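In what follows, structures are represented as structure tokens.
In what follows, subunit A forms one complex with subunit B and a second complex with subunit C.
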Partner chain A sequence: MRIINRKPSRLTALALGLLPFVATIVGYAIASHYRRLDNPADKLLPSLESMGQAFWRMAAIPDRRSGDLLLWVDTFDSLWRLGTGMAVSTLLALTFGIAIGFIPHVRSALAPYLATFSLIPPITILPILFITFGLGELAKIALIVIGTAPVMIRSTAQAVLDIPREMIIKAETLGASVWQMTVRLVIPQVLPKLITALRMGLVPAWIFLISAEAIASTTGLGYRIFLVRRYLAMDVILPYVVWITLLAFLLDRALLLISRRSFRWHHLGGDAL
Partner chain B sequence: MTGSTDIKLSVRGLEKSYDRTPILERVELDVESGSFCTIVGASGCGKSTFLRMLLSQELPTRGEILLDGHALPDEPTPDRGIVFQKYSVFSHLTVAENLILASEFERAPLAGRLFGMKRRQAREEIDDLLERIGLSAAADRYPAQLSGGMQQRLAIAQALAKKPSILLLDEPFGALDPGIRVDMHELLLGLWNELGMTIFMVTHDIHEAFKLGTRLLVFDKIRHDPQAPEAYGATITYDLPLSSPSTELQQGPEQIAEAIGLPGQSDTPIQIETKTP
Partner chain C sequence: MLKSFAKASLLAAALSLPLSVGAVQAEEKKDFKVCWSIYVGWMPWGYLQDSGIMKKWADKYDINVEIVQINDYVESINQYTAGEYDGCSMTNMDALSIPAGGGVDTTALIVGDYSNGNDGIILKDKTELADIKGQSVNLVELSVSHYLLARALDTVGLSEKDLTVINTSDADMIAAYATADVTSVVTWNPLLSEIEAQPNATKVFDSAGIPGEIIDIMMVNTETLADNPAFGKALVGAWYELMAIMSSDGDEGASARTAMAEASGTDLPGYDAQLATTKMFYTPAEAVAFTKAPELPSTMKFVAEFLFDKGILGEGAPSPEFVGVSFPDGSVYGDTNNVKLRFDPSFMQMAADGAL
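And now, the complex of A and B:
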């Protein structure tokens, strides 16, 4: 049988899926072991146990100076910034995306501007944001919004344009007003694609969050990583990276699950990713 | 045709061009109320364009279309129902939701949606209709879970929700199996007999056109410039009454098919029936 026609069983698929993860961990453990044989005080590749201890220290032992459980404070603050930023972006995507996609005059007025605006590298705006909004929460949230909203608006507008013209005409012949078409046809058709846009937007959102926190912050996952970098504290940085990845993964899965639950009709015809 | 007092729709000097390329030219037509006009023609002859203009999905380049003596509105309105070949029904709504949508638009201007008692009432109102189109058991399914024939039955029922005086059908059965097509013909003829609306149906199946229509309109180019094949548009070349038994049919489906270069064979057997509008 040709290899393209051989399908793994469920168990094989699971094992194959786990293989690269296990290989990475084992590879790391070996590399770390040999480095520490040369120099027991090595900081670059700390042992799995020391990383576990560092993670436990961050998660369960109150900080000596502030008395906080640093991991949870960092996580909460970062997720709050990320969540607020993405909520604003999603709201902007929904309102502007639908207006641009549905109403030709709005499209003519805003589409070229938006196309230009979305090409500004968001990080270059960060200094401007710090100058205008100060170093507080607003500047960080604004960076996330500026970095993600234009692309999300554009993909939402495209999703509106992708609604088959037949459906819109059918709604007109059923006596729908523009508002009724928006709430009963356009929004329901676009929401599942907005969730996809949100999932795609989260990838750059994390980058902007970590960058903003690294530059000016006193809490947050990005702040912590860049803070302990000064002490070469790989035993904190590596678990934090894994933790951030896990959070991003769970967020993505949760959104996919919400989409599948709420928009069953959208996922009927087979699904990708 | 002229002289009748009951003209539903008139087309006067209709022309349509895209980027100066004429698609349709010099189309003249009067259609009596309650007619079932079937429209055939080679692909690219502008028959679907003609239907889209009847729907106001597109506007004529020149000429006018009069509905009950008044110019058509510039956009689709509830007085003209439409069934497309696909995407006719709303994929995010179940069968029942698709059918109550029109009454939700009418009764809930702001929310576009009925709740509680009113919703249940609207749902009960469509019970008979669901039965009629054989979708009672599928009422809570999404269109993607229906067969092609079921989807088109739903599309027809939905298009008739606002009791339009004109029903437009753009190759509605083009994607269906022959056996299912015959069922669809019966449903459509039954609804037409009952409601008496004027129907325009574009089809590429000449036998279907003969079987269903009271009047057959054939679109074709009559002027040809061999140096510039795009120079002229199509117009109505045959206008055959099919209903009255007194009319001797000079042309059968095969002759028409040959005249306009369509395949004459069909999967469905020819059944020219006498019909009562």
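And now, the complex of A and C:
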């Protein structure tokens, strides 16, 4: 049988999926072991055990200075920033995306501008963001919104354009107003694609969140990583990176689950990654 | 399945091998690399490489020394700590927390200068240090700025609990100061003089208030130095040859300083202004005297206690004395079984005696 027709069993699929993860951990453990033979206190590749201890210290032992459980404070503040930023971006994507996709005049006015604006790397205009939004939470959320909204608006607008023309003509024939078509036809068609856009937007959103917290902050996952980088505390940084990855993965899966539950019809045609 | 697992782990081992051999193998060798980053007192390192003075001294001892500039200060220390470089320029405080705290036995080879006004605290629309109470203070957390703030607060009976520290990247400090919510910053030159020049800014405290506590040093790996004294001799010889040129009033001194000024993005008057707030040790005798002075152990005690208080003195350090620091008279602050930072003026002494 050809290899493209051979399907792994459930167990083999699980084992194959785990293999690269295990290989990474084993590779790390080996490299770390050799480095620590030279210097038992090596900071670059700490042992899995010391990373576990550091993670436990951050998660379960109150900080000596503030009395807070640092990991949870950092996680809560970061997720709050990420959530607020993405909520604003999603709202912008829905309103502007539908306006651009559905109304030709709005499209002519905004689409070229948006296409240009979305190419500006937000990090390069940071000083302007500071002066406009201050150094507090607003600037961090603004960075996330500026970084994610343009692309999300564009993919939502594209989703509107992709609605079969026949459906719109049919609605018009039945005498629907623009508002009725927007609410009854466009929004239901666009929502699952908006969730996809949100999932795609979350990838750069995490990057912008971490960079915003690195610049001026008192809490947050990115703040902690850049703070302890000053003394090369990889035993704190690496577990934080794993933690961020896990949070991002869970968020992504949760959105996929919501999409599958709410828009079963959208997922009928085969499945995606 | 098992077989593929074995294969995979072998492959992983092969891939990760380069990571593990990066550490400096202490043995006799010919090629050495030291790194530095832009700071008024370290600009001579770049000039040593460019002018060929380093090569001259390396040739004399029949070795090769490469001096590499790294754009990010913390990154340069991390690279040294990870074993990529044999030496690196850093402050006494960062030497204790990063390489020494990370178990890399480190020796202060060349004590180059101390900050004598190069680090300072600036308040917006306020003129007294005590006014800082209750404010949000923007600074690079856990850096010498943070240390300076802690020492300054001591002098007016305040502590860090009386204010909020906001970790702010040095690259964004000037832009940050321009925003309305920032009312006080702690930073270093050339950012300091840039911010001080703003109309509403007042410098309320600077490192001249704690002279000799923020020391800029060429730190080298102790084992490498012990196995290769030629490495130490070449670096020290080249450094003090340049120091003599740099401090001279003639054209040669001015042209060396101009080159350093340009490399740091300023001009000769700007660089001289920064040198004015830096106590350079132009002669090896001065540096030796400073290293042997009785004040150094008490400075290192302050620093160790500060680092311990902030929780950054090595992993799970039980006390400020966790990492030992040895001094020229043989005394040790902290754990005598865990000496990782050594102040050893013997190479500078050779330069002072003209024995290089």
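Heads up, the rule we're going with is that the second predicted complex is superposed on the first by the 273 of 273 C-alpha atoms of A that agree within 3 Å, B and C clash if a C-alpha of one lies under 4 Å from a C-alpha of the other, contacts with A are read in each partner's own complex, and residues count from 1 in each chain.
Keep this in mind: a contact is a pair of C-beta atoms (placed from the backbone, for glycine too) under 8 Å apart; a residue touches a chain by one contact, two chains touch by 3 or more.
It should be emphasised that the depicted structure is a prediction, and the values quoted were computed from it without experimental measurement.
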Item checked: Overlay on subunit A: subunit C relative to subunit B, clash or fit -> fit
Margin query: Applying the document's definition of touching, compare subunit B and subunit C: which contacts more of subunit A?
Written below: C
Margin query: I'd like to know which partner A:Leu44 touches here: subunit B for first, subunit C for second, both or neither.
Written below: second
Notebook entry, point to check: So, A:Ile169: does it touch subunit B (first), subunit C (second), both, or neither?
Noted result: first
Check: Touch check for A:Leu268: first (subunit B), second (subunit C), both, or neither?
Finding: first
Margin query: So in the superposed three-chain picture, is A:Leu135 touching just subunit B, just subunit C, both, or none of them (first/second/both/neither)?
Written below: second
Next item on the list: With the two complexes superposed on chain A, say which partner A:Gln180 touches: subunit B (first), subunit C (second), both, or neither.
Entry: first
Next item on the list: Report for A:Pro188: first if it touches subunit B alone, second if subunit C alone, otherwise both or neither.
Entry: first
Margin query: Between subunit B and subunit C, once the two complexes are placed on the common chain, what is the minimum CA to CA distance in Å?
Written below: 41
Check: Which parts of subunit A are touched by subunit B and by subunit C alike?
Finding: none
Check: What part of subunit B is in contact with subunit A in the complex they form?
Finding: 55, 57, 75-78, 80-82, 84, 86-93, 101-102, 104-106, 109-113, 142-145, 158-159, 161-162, 164
Check: What residues of subunit A sit close enough to touch subunit B in their complex?
Finding: 164-167, 169-177, 179-180, 183-185, 188-189, 263-266, 268-269
Margin query: Give the list of subunit A residues in touch with subunit C in this complex.
Written below: 12, 15, 19, 22-24, 26-28, 30-35, 38-46, 50, 53-54, 63-65, 126-127, 130-131, 134-136, 214-218, 223, 226-233, 235
Margin query: Which residues of subunit C touch subunit A once you look at their complex with the stated criterion?
Written below: 1, 4-5, 8-9, 11-13, 15-17, 19-23, 25, 74, 77-78, 81-83, 97-98, 101-104, 138, 140-143, 164-169, 172, 175-176, 178-182, 310-312, 314-316
